[in-house]
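Across the two complexes that follow, subunit A remains constant while its partner is subunit B and subsequently subunit C.
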Partner chain A sequence: MHNVMSLKTICLLFVFVTSLSFSQESMHLEEIAPEVEGKQDVKTEIKEYINHHLLDSYDFSLTSYTTDSGEHKYIGFPLPVILWDNGLKVFSSSKFHHGESVAEVDGNHYALHHNKIYKTDAAGTITLDEHHHATNKKPLDFSITKNVFTIFLVGLLMFFMFSGMAKKYKKGNMPKGIGRFLEPIILYIRDDIALPNIGKKHYKRYMPYLLTVFFFVWIINLLGLTPLGVNVTNNIAVTLALALITYVLTTFTANKNYWGHIFWMPGVPVPMKIILAPIELLGTIIKPFSLMIRLYANITAGHIVLMSIIGLMFIFKNWLGSSLSFGLAFALSLLELLVAALQAYIFTMLSALYFGSAVEEHHDDH
Partner chain B sequence: MTGLNFVGAGLIVIGAGLGIGRIGGQAMDAIARQPEASGKIQTAMLIAAALIEGIGFAALFAA
Partner chain C sequence: MEKLINEFSIGLFFWQLVLFIGLVLLLRKFAWKPILDAVEKRESGIEDALKSAENAKLEMQNLQADNQKLLKEARAEREEMLKEARDMKNKMIEDAKAEASETATKLIEQAQASIQSEKKAAIADLKSQVANLSVEIAEKVVRTELSNKDKQLQLVETMLGEKSLN
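After this line comes the complex of A and B, so read on.
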């Protein structure tokens, strides 16, 4: 009993002390920042920081700070920029100096404007139309951005993880190493997601995709919660690609029965069949669309809320508000851990459900 | 009126919250009645909640 109590006290003390040091840090930050604007300045800075975090970037920067002489220092590494502009142009993103200077490649000049690459003159002028959109020419962009880099990294990680795990099974039936952790999850996906939704006859065809998409989304969501600052699944293009694979697989593996249910619904009167056909056809597109939106919106909302609460620490500037937001951020991080796994599960589950409806055999009971 | 879309977003969140709350509550009832079927009920509950949530998010983005 006494042990438990003292453990609790230590935990409380730890939370208290860390939150105090956090609020002190925020005061320190306030001292460095110009005092003219005060709170408003910190607020806009936090807003800009969150917006910056939500966007993809051309370099992998972990953190940045401002020196006493007002110079911005970035810690991280540049990534290759690959452009197609009358020929392939490959150069390092360090040439942009984090958007502060114009990159010059083979006599062509490129500049960053709102995180997009535009072709400019040597001075880097960006002309804007009345809607504040840049009218400069945009070269075709195939750059290895932060998101692409992370996707490659996770792909490589998964390849080594699972091929190593598969090799271990050749020696015996007992999983070793990381396989002991992964085997129950893989069995769960097979027995509780694929088998009941797709059916015994066809589930094996879809297992590779279901396993891949589950682990890919899960690992990438978890990476988004680390201080690396990567956030791949809150880029709608990534979730669009994932949902598109589900859509293509559903459409091209569907049997006669599936299309029959869409275009000529059995068991209802003819006028109803005509009304139902366009609705069902629309439904086939809405299903993957909702997959895309769900993953994207959940992760984006989670990141925004988490970062806003962390940002509150720097706005409150007193020990009560700051320690409160510290505790809230901690609790929310735990919730986000759950959401990361839950969204991967939901994506896999719904994909399996759609595959199941595509290969369902004909029943006479309706 | 520029503020109306925020009112709409609020209504959506209320609706989605009520819907997901009802699903969760009913699932609790069902598990209490038949604890041995809790696995199946949980799965069905998560799917239904995810579908409502998807619509909620879609509407929020439109707002």
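After this line comes the complex of A and C, so read on.
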């Protein structure tokens, strides 16, 4: 009963926070709306805004507005840029002035072009080829971008949240505080994801990864719905890293039986075995690849649709259409809340499934 | 696809990999292990408590059954003892009766035997007395009677006649 209550409270909280996010984004759009002339321009503006929102950035800006004198003001803080270009170069992203100026470090010049750092001359010239791609040299970029900053923040939050929860167990056997809400989820992952898919013998080895990946993806998906405007899981680099860990874990903990099923499928004629081997081998890569694409695509699609519907408010600009699209956006954001948890669940579930197939014992019945 | 590759950021990938592996390792040590251990400990504790309760219940039942058995046994023993006592009593009475009747018959027999012998003695005594008396009588009679011859002869004759009658 208690858990149900806390779940409800948290859901309500997120709904509240999400609606706040609309209002902030709406404000931003309204600020820039008078600048452009005609509906077509509003559309391009919204499209650009969505594209910009989906991309990473070198500073943590919550929102921006234009002053009466036509000057762009950003609310947020700069983040460190770390480049490897014949030696480590570290400087603050404030040097770019949101892409308006060229940063000069140790005699090298760097400029932002489409949210990427390029090495340029002092004037910041970007040479483009016929496909409108910059031909300038790109230094190796390990900057603490907005997304990197967010994942570190989430990592820190998770560490304090769960180690604090673990400490509470030392005093008594019952969960306390946030543990009352988190323990059923942990138990669910253990009893309904890990145990049935991996089996009693091996599941303990994979529990730390499964629990971490579930909570990490879930929290980061939820953060994507907040007014902070961060979307980490719609970066293919993030989902690739997660899927890669699943792949590596599956491959390196697999037993003889697993490899036997890949390279020499038992119970089928020899020519079939030869045909099946490359297919199965490809399958081991396709499985984590599907994990990567699924998470990336679901979250990206959710963001695009949600923001497009919010953008519709400013295209309609009348009380009926705008309120309709607001209602639609509200309903959709509730759906996105579900998707946030669902995608975390699916990622964990499928990872557990792959681990389970890797450690499955030999059966004689096939 | 081209856009995806274009957007792919090696930096983000690198940081995500580093952070996530670090997070898994840290959380494994400081969070998941203690939490899962505590939960498991609690679950096994509950299981043990349930098991011991079940055991206690079984023991209780056993104890009750034992009590019942003891009671039954005691009752049976009492019954047995009573029965034995009754039997013994009956036997004693029987024995006493038998002994008494035996003694009585013996006594009667003895009495009969002594009566018989007394009778015999008495008869013998009577006979001898009768003989003496008769001899004395005969003597007196003879003295008086034998004063004359005729009377003597007559006497002999009567006496002979009497004798044959005996």
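Just so we're on the same page, the second predicted complex is superposed on the first by the 329 of 366 C-alpha atoms of A that agree within 3 Å, B and C clash if a C-alpha of one lies under 4 Å from a C-alpha of the other, contacts with A are read in each partner's own complex, and residues count from 1 in each chain.
Operating definition for what follows: a contact is a pair of C-beta atoms (placed from the backbone, for glycine too) under 8 Å apart; a residue touches a chain by one contact, two chains touch by 3 or more.
Keep in mind the model is a prediction, meaning the values are calculated, not measured.
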| item | value |
| --- | --- |
| Combined model on subunit A where subunit B meets subunit C, clash or fit | fit |
| Partner chain in contact with A:Y203 - subunit B first, subunit C second, else both or neither | neither |
| First (subunit B), second (subunit C), both or neither touched by A:M349 | first |
| Contacts of A:D192 with subunit B and subunit C, given as first, second, both or neither | first |
| Subunit B versus subunit C as contact partner of A:Y58, first or second or both or neither | neither |
| Subunit B versus subunit C, judged by how many residues of subunit A each one touches | C |
| First, second, both or neither for A:A297, with subunit B first and subunit C second | first |
| First, second, both or neither for A:V238, with subunit B first and subunit C second | second |
| First (subunit B), second (subunit C), both or neither touched by A:F142 | second |
| Three-chain overlay, closest Cα atoms of subunit B and subunit C, distance in Å | 7 |
| Subunit B/subunit C common contact set on subunit A | none |
| Subunit C contact footprint on subunit A (complex, rising order) | 55-56, 82, 133, 140-145, 147-148, 151-152, 155, 158-159, 162-163, 165-167, 169-170, 173-174, 179, 183, 186-187, 190, 204, 207-209, 211-213, 216, 235-238, 240-242, 244-245 |
| Partner subunit A, residues of subunit C touching it in the complex | 4, 6-17, 19-28, 30-36, 38-39, 41-42, 45 |
| Residue ranges of subunit A touching subunit B (in the complex, touch as defined) | 192, 290-291, 293-294, 297-298, 301, 342, 345-346, 349-350, 353 |
| In the complex with subunit A, residue positions of subunit B that touch it | 39, 43, 46-47, 50-51, 53-55, 57-58, 60-61 |
